[in-house]
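One structure below.
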Amino acid sequence: MIKVGVLGATGAVGQRFVQLLANHPWFDLVTLTASERSAGKKYGDVVNWKLDAPFPEKVRNLAVSPTSVKGAKGVELVFSALPAEIAGQVEDDFSRAGVAVCSNARSHRMEPDIPLVIPEVNADHLALIDLQRDKGRDGFIVTNPNCSTIMLCVALEPLRSTGFTDVRVATMQAISGAGFSGVAAMDIYDNIVPYIGGEEEKMESETLKIMGTLEGGEVRDAPFQVSASCHRVPVIDGHTLAVWVDVKDGIAEVKQAFRSYKPPFSGLPTQPERSIELFEQPDRPQPRLDRMRGGGMTVSVGRVRPGLRFIALGHNTIRGAAGASVMNAELIRTRKYL
Amino acid sequence: MIKVGVLGATGAVGQRFVQLLANHPWFDLVTLTASERSAGKKYGDVVNWKLDAPFPEKVRNLAVSPTSVKGAKGVELVFSALPAEIAGQVEDDFSRAGVAVCSNARSHRMEPDIPLVIPEVNADHLALIDLQRDKGRDGFIVTNPNCSTIMLCVALEPLRSTGFTDVRVATMQAISGAGFSGVAAMDIYDNIVPYIGGEEEKMESETLKIMGTLEGGEVRDAPFQVSASCHRVPVIDGHTLAVWVDVKDGIAEVKQAFRSYKPPFSGLPTQPERSIELFEQPDRPQPRLDRMRGGGMTVSVGRVRPGLRFIALGHNTIRGAAGASVMNAELIRTRKYL
Amino acid sequence: MIKVGVLGATGAVGQRFVQLLANHPWFDLVTLTASERSAGKKYGDVVNWKLDAPFPEKVRNLAVSPTSVKGAKGVELVFSALPAEIAGQVEDDFSRAGVAVCSNARSHRMEPDIPLVIPEVNADHLALIDLQRDKGRDGFIVTNPNCSTIMLCVALEPLRSTGFTDVRVATMQAISGAGFSGVAAMDIYDNIVPYIGGEEEKMESETLKIMGTLEGGEVRDAPFQVSASCHRVPVIDGHTLAVWVDVKDGIAEVKQAFRSYKPPFSGLPTQPERSIELFEQPDRPQPRLDRMRGGGMTVSVGRVRPGLRFIALGHNTIRGAAGASVMNAELIRTRKYL
Amino acid sequence: MIKVGVLGATGAVGQRFVQLLANHPWFDLVTLTASERSAGKKYGDVVNWKLDAPFPEKVRNLAVSPTSVKGAKGVELVFSALPAEIAGQVEDDFSRAGVAVCSNARSHRMEPDIPLVIPEVNADHLALIDLQRDKGRDGFIVTNPNCSTIMLCVALEPLRSTGFTDVRVATMQAISGAGFSGVAAMDIYDNIVPYIGGEEEKMESETLKIMGTLEGGEVRDAPFQVSASCHRVPVIDGHTLAVWVDVKDGIAEVKQAFRSYKPPFSGLPTQPERSIELFEQPDRPQPRLDRMRGGGMTVSVGRVRPGLRFIALGHNTIRGAAGASVMNAELIRTRKYL
C-alpha cells in the first residue's frame, strides 16, 4: 500500500477524493490537508460533508494537516484538489520534496514538461515524468484536464484515426463544477448562465495537448481545432456535451468505433468496465440517469447522427476531477513511476 | 377593430394568445374554441390558467365554442394554437370558409404556397397569400415557425449579407415548449434530455424556407446549411441557443450589425422597441433575466466571439409562438391582406 | 429461496421493487407483471428504467407476465405496485389463490382484517393474517402505509410511551411520490403545490390504525389525533415532515428516545443498521443528503426543539413504498407466515 | 413629491426598493447608497441588476452615495435595505439627523418605541413616532417585519376577533429571502434546508408585537402563542405558509372573514386592490402562479380546512420586504408624520 494524502480535502473535489480513496486497494489514505485554521482538528469535525455518498467513517478521526510539505510527512503521493491560486506553488514544493503529485488544478497543466493525462487517451505522455526528474525534481507532477475536456477527449479518442480537423462543442455543465458554493441558487435556478470563466479556453488548448504527439520530449499539439461554447445549467452533477466533428465515416462505423473501444490497459481499480458506453435510445444519455455509470467513470455517448453530431456525458467531479486523478495515479503505479 | 378568435385556447400557447389579445388595440377577441366537452361553458370555468400573468377578466365569461368553422361565426381572423394532429384539417376548413388563419402549428408550414413568416426576416413572403387566393381559398393561412427556429432566424437576419453558408446551433430549450404537461418533472429535474422529437429537422428545414427567396411565386431555399442539436433543460420559459456561423467579419462589425438592426416596418402593437438586443456583459443573456425583454418579443444576443460564435435567446411561448402569430397578423393587416 | 413476483413492475414503485429484489438473499424474483400489451416481451425491452441505480441485468430477459393469478404461476409471494384502481380486485384474487400479497396500494389498507404494518411499529398486527385464513383466504394480504405516514409513524414510535394526544404534521413531499409522470414539470418547477389528493386523509387515518392496539382480533385506533397539511415540493426523492407533538418530556429525553430506539427484531436483509438516525446539526436532515441513509430505509430526525417540534425525513419510494413492502415480507417470513 | 433615498441599493431587497420607487407618484428617488467602493459611480454601472423586471432607466446615471447621513443630503425619507450588522447604527444616525427611516432591517424592530408595522394590521402603532420625537429624535424609525411574519399577520388579521390563542406555522420559504448569494445552488437544488437562522424566533416574537395592543405608549404583546418551523425550499420568490390556528368558527365563516376583509385605509399607491385573496380551488395558492397578485402585495390564502388549517402565500421581497416598507411610508405620509 502506498501512503497518500489529499491536499485541500474539504471542498467539493476534495471530498470526492476522500470518498474514492478511503477504501482504495492500492492507496492508504493517511493525510488530509486543509486551511491553517482546521489544522490539528479531526477531519470529521471540520468537513461539512455534502456528498450524497455516505461519509467514510475510516477518516472521521484523522487529524487534519496544514497544506505544506511539512504537514504531509511520510506520504509518497498526494492528490491535489487545491484552488489554482495556491496549487502552483504548493504542488511545486511537494514535487521538489520528492513527492508524486496528481493534480486536478489547472496551474501546471500547460507546462511543457508536465504531463496532462487521461489514461485512455495519452498514457504515453507519462514519459514526461522522466524529463521532470532530469530537471531536478525528486518527485513529479502529473495533471488531469479540466472536467469538460475529459469527456470530450475520451469521446474523441475512438475517432482519432479518422483524421478529423474541426471540433465544435457546446457544453451544459453541472453546478458542482464550481464547487459547493461557486454558484448561487438565484443565479442558476430556472436559468442558464451561458458563460464559465476560462472554460472555453481550457477546452480548446488542453484538448490539443492531450491528443497531441509526444516526440523528442515535447508534446506537439494535435492537428485539429476545437471551438467551444460553455454553459452552466441547473443540473447538480454531470456535464453534457453536444459535439460536432468533421468525421466522414458513416454513422454505423462511428457507433462501432464507440462500441468496440477498449483502453490500452486493464485492471486499474478505478477503471470502469467500459470507458465509453454507447446509447441507441433517442433520448439518452441524460445526466441524472447516466452520470453514475461505471461508478461515475464511464463516458456515455449517444445520439450519433450525421453531421457528425453526438452527445457525450460524464460525471464532472468523478470522471472529470477526483476520479481522473486517482486513475492517473493508478496508471502511474502500473507504469512503475511510483 | 377586427373580430378574432383563438383556436385551442386552453393550452400553454392558447393561454398566451388570450393574454396577448385580450386588450389588443386592433383585434377584438370574441371567440375562444376548445374541445367539445368544454363548448358552451364559460372560458373562466374551463381554463386552468397557469400563466404567471394575471387572468384577463374580460374573457372570463366568454362562452367557449367548439373548434369548427361553425363555432367561430363572425370572426375574420383566427389564431391557431391547435395540436398538429388536428390543425391541418381545421385550418384548411377555416381558410376555405373565408377566414384568415395565423397558425402556430407545424401542419402547413412547409407547403409551397403557405408563407412561413417572421416579420423581421421575410415579410415579403406574405405575397404567397395572393397565390393561395388564386387557388381558390377565400381566406388564407400564414404560419409562424417553430419556436427555436424563430430565435435563430431573427439573430441571423442582420448577418445575412455576409453570405454565410454553415450554421451550427445547440439549443437549450425550456419545458413550456412542450405545453403544460408535455414534460414530466421526473424527466427534467436535475437533468437534461438531449432530444426533442422533430425539433432538429424543423430548425434545419424551416430556417431555409424563411430565409429563402421568393421568386416567381416560389420560395427558393436559402443557400446555407443548418445543423442543429436540440436539448430540453430545466428552465420554465426561454430558449437559449449557442450558434456558430461562418461569418468572416470581425467581432466589432458583427456586434454593430446586431446593434444597428432595424426591421423594415414599425408601429406594430406587439413589436418590441428593439427586435434584437445586444449584450456586452460576458454572462448574458440569461433566460430568467432576459426572456421578458420587449414584452417577451425581443431576441437577446450576446457573447459574440471569434468563431463566429454567439448566444441568442428569446421567450419561446411569446416571441416563439403566440406573439409570433399575433405580430404576423399585425403585419398582415398593415399590408392590407385583412 | 421463496419464489416471488412483482405486480406492476414497470412504474416508479415497481422499478424500486425490482431493484430491491433482484439480488435478495431470501427471495427469488421470477415473475414480473405488467399491462397486457407488454406481456410476453422481455422486461428489459418494455421497461423504461428511470432509476439512477443501474438496471439489474439479471431480469433483463425475464418474460413479462400479464397481471393475473394465471400469469404468476409458481409464485408464493407477490409484491403489489399496482395502481389503486385495479389493486383491490387483483390482490384479492391472488390471496384467494393461495398467494401471499405484500401490497403498497391503498385499496385494502383500512380493511379490518388486513394488517397495515410497519415492522418497527406494529409487527404484532401480523396476527390478523390468521383471521384472514379463518375467513377462507388460502393466501393473505399485508399492506404497508402511505409513504409519508411511514416516516411519521417510525418517528413517533419512540415517543409512544409519553402518551401524546395531538400530532400536527406539515409535509414537503417529493415528486417521485406521484410516479414517473404524475407531476408535470410546469406544475412544480419554481413552485409548491399545497395539495396532494387524499394524502392528508391517509396520514390521519392510517396512523391511527398502525399505532392502534390489536385486541380480540380487532385493531382499536390509537388514542390521539393527527392533523396533516401536505405539500408537493420540487425535490426528486425524499419526504420531509415538520412535526408537532404534545410531548411534555424535555428535549434531552426525546433525543435520547430517538437515539436509543431499537426495533424488536433484527437480521432482516432490508432492515437498516439504524431505523432512526438523530441529527444534532441545526440544518439536518436534508432530503438530497440524507434520503439514502441505511440504503434508503433509515428515517432521519433532527431539529428537536421545544414545542415539541422536530423534522423527520425518509426516502419515499424505498422506506415509503417498495422497501416497506419488502421488509414486511421479510418480517412475515421470520414470523413463519410464509 | 418627497425626496427619498434607498440605503443599500444594490442587493436583492435594495433592487426591489429601486424598482418600486423609480416611478412612485409621491416619492422622488434621488439618493441611492452603497458601499464605499461604489460611491461616486453611476448606479447603472455598479448594480448587477438581477430582477426579472426591467432596469429602471431613470436611475441609470444617478451617482451612488456612501451610506451615511452626509451622503444623503436633502433627503427627507430613507428606505433601509441594509444588512442588520450595520443597519442599527446607520438608521439611528439618520433618524437623529431628522430623516424619517422606513427600515426592512431587523435591528430596531423589537425596541419598545419603534413601531413594527403592517398597514393592514397595526397602523395605530405609528403613534409610537410621537414617543420617539419626545425622546429627542428629529426624525424617526419605522420598521416592517420579517418576510414570513408579514404573510402570517396579514392572514391572521381577519381572524383576530375569534380570540385564537395557539398558532402553528410551517413555512416553505423562497431562496431570494436570503439575498442574491445567500443560498448556494448545491445546498438547495433537489433539496430542502429545514432551518433558517433566527427565522422561527422572529416569527414568534414579531407577530406578538405587531398584533399587540398599544396602550399608554407601550405595546402589550398579543395574547396568543406562535410556534414556527421554518424551511428553505427550491422556489425563487414567494413564501408559502401552512398555518394551524385554534379558531372555532366554521369554515364558511372563516372564508367569509378572508373574503370580506378590507384594510382601514385606502388610496395608498402600493396598496393592492385586495390585501387578501381567497382561493377556493383545492390546489391554490401556488408561489409561481400567485406571488405577483396585486403587484406582489396581495397575500393569497386557500385550502381553508377544519383544524383550522389554511395556506397563506406572498411575495417575500415585495410584500415581505421592499413593498412593505414603501407601503408603510405611504401610510406614514397620509397620517401626516411626513
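Should a chain be cited, it is by its letter among A, B, C and D, assigned in written order, with residues numbered from 1 in that chain.
One rule holds in what follows: contacts are C-beta pairs under 8 Å (C-beta built on N, C-alpha and C of every residue); 3 or more make two chains touch, one makes a residue touch a chain.
Nothing here was measured: the structure is a model prediction, and the numbers come from that model.
Asker: Applying the document's contact definition, name the chain pair with more C-beta pairs in contact, B-D or A-D.
Answerer: Between the two chain pairs, A-D has more contacting C-beta pairs.
Asker: Report the chain whose CA-based centre is farthest from the CA-based centre of chain A.
Answerer: Farthest from chain A by mean C-alpha position: D.
Asker: Could you grab the centroid distance between chain A and chain D? Build each centroid from C-alpha atoms only and quote it in angstrom.
Answerer: Inter-chain centre distance comes to 47 Å.
Asker: Which integer distance in Å separates the CA centroid of chain C from that of chain D?
Answerer: 42
Asker: State, to the nearest whole Å, the distance from the C-alpha centre of chain B to the C-alpha centre of chain D.
Answerer: The computed centroid separation for chain B versus chain D comes out at 40 Å.
Asker: Going by the contact rule already set, what residues in chain B reach two or more other chains?
Answerer: Only 50, 189-190, 234, 236, 288-289 qualify.
Asker: Hey, which residues of chain A end up touching chain B in the complex?
Answerer: 168, 170, 172, 189-195, 197, 200, 227, 229, 231, 233-236, 240, 242, 244, 282-289, 302-303, 305, 307, 309, 311
Asker: Please give the residue numbers of chain D that touch chain B in the complex, ascending.
Answerer: Contact set of chain D toward chain B: 50, 52, 54, 189-190, 236, 288-289, 291-293.
Asker: So in the complex, the part of chain C that touches chain B is made up of which residues?
Answerer: Residues in contact with chain B: 12, 50, 175-176, 179-190, 234, 236.
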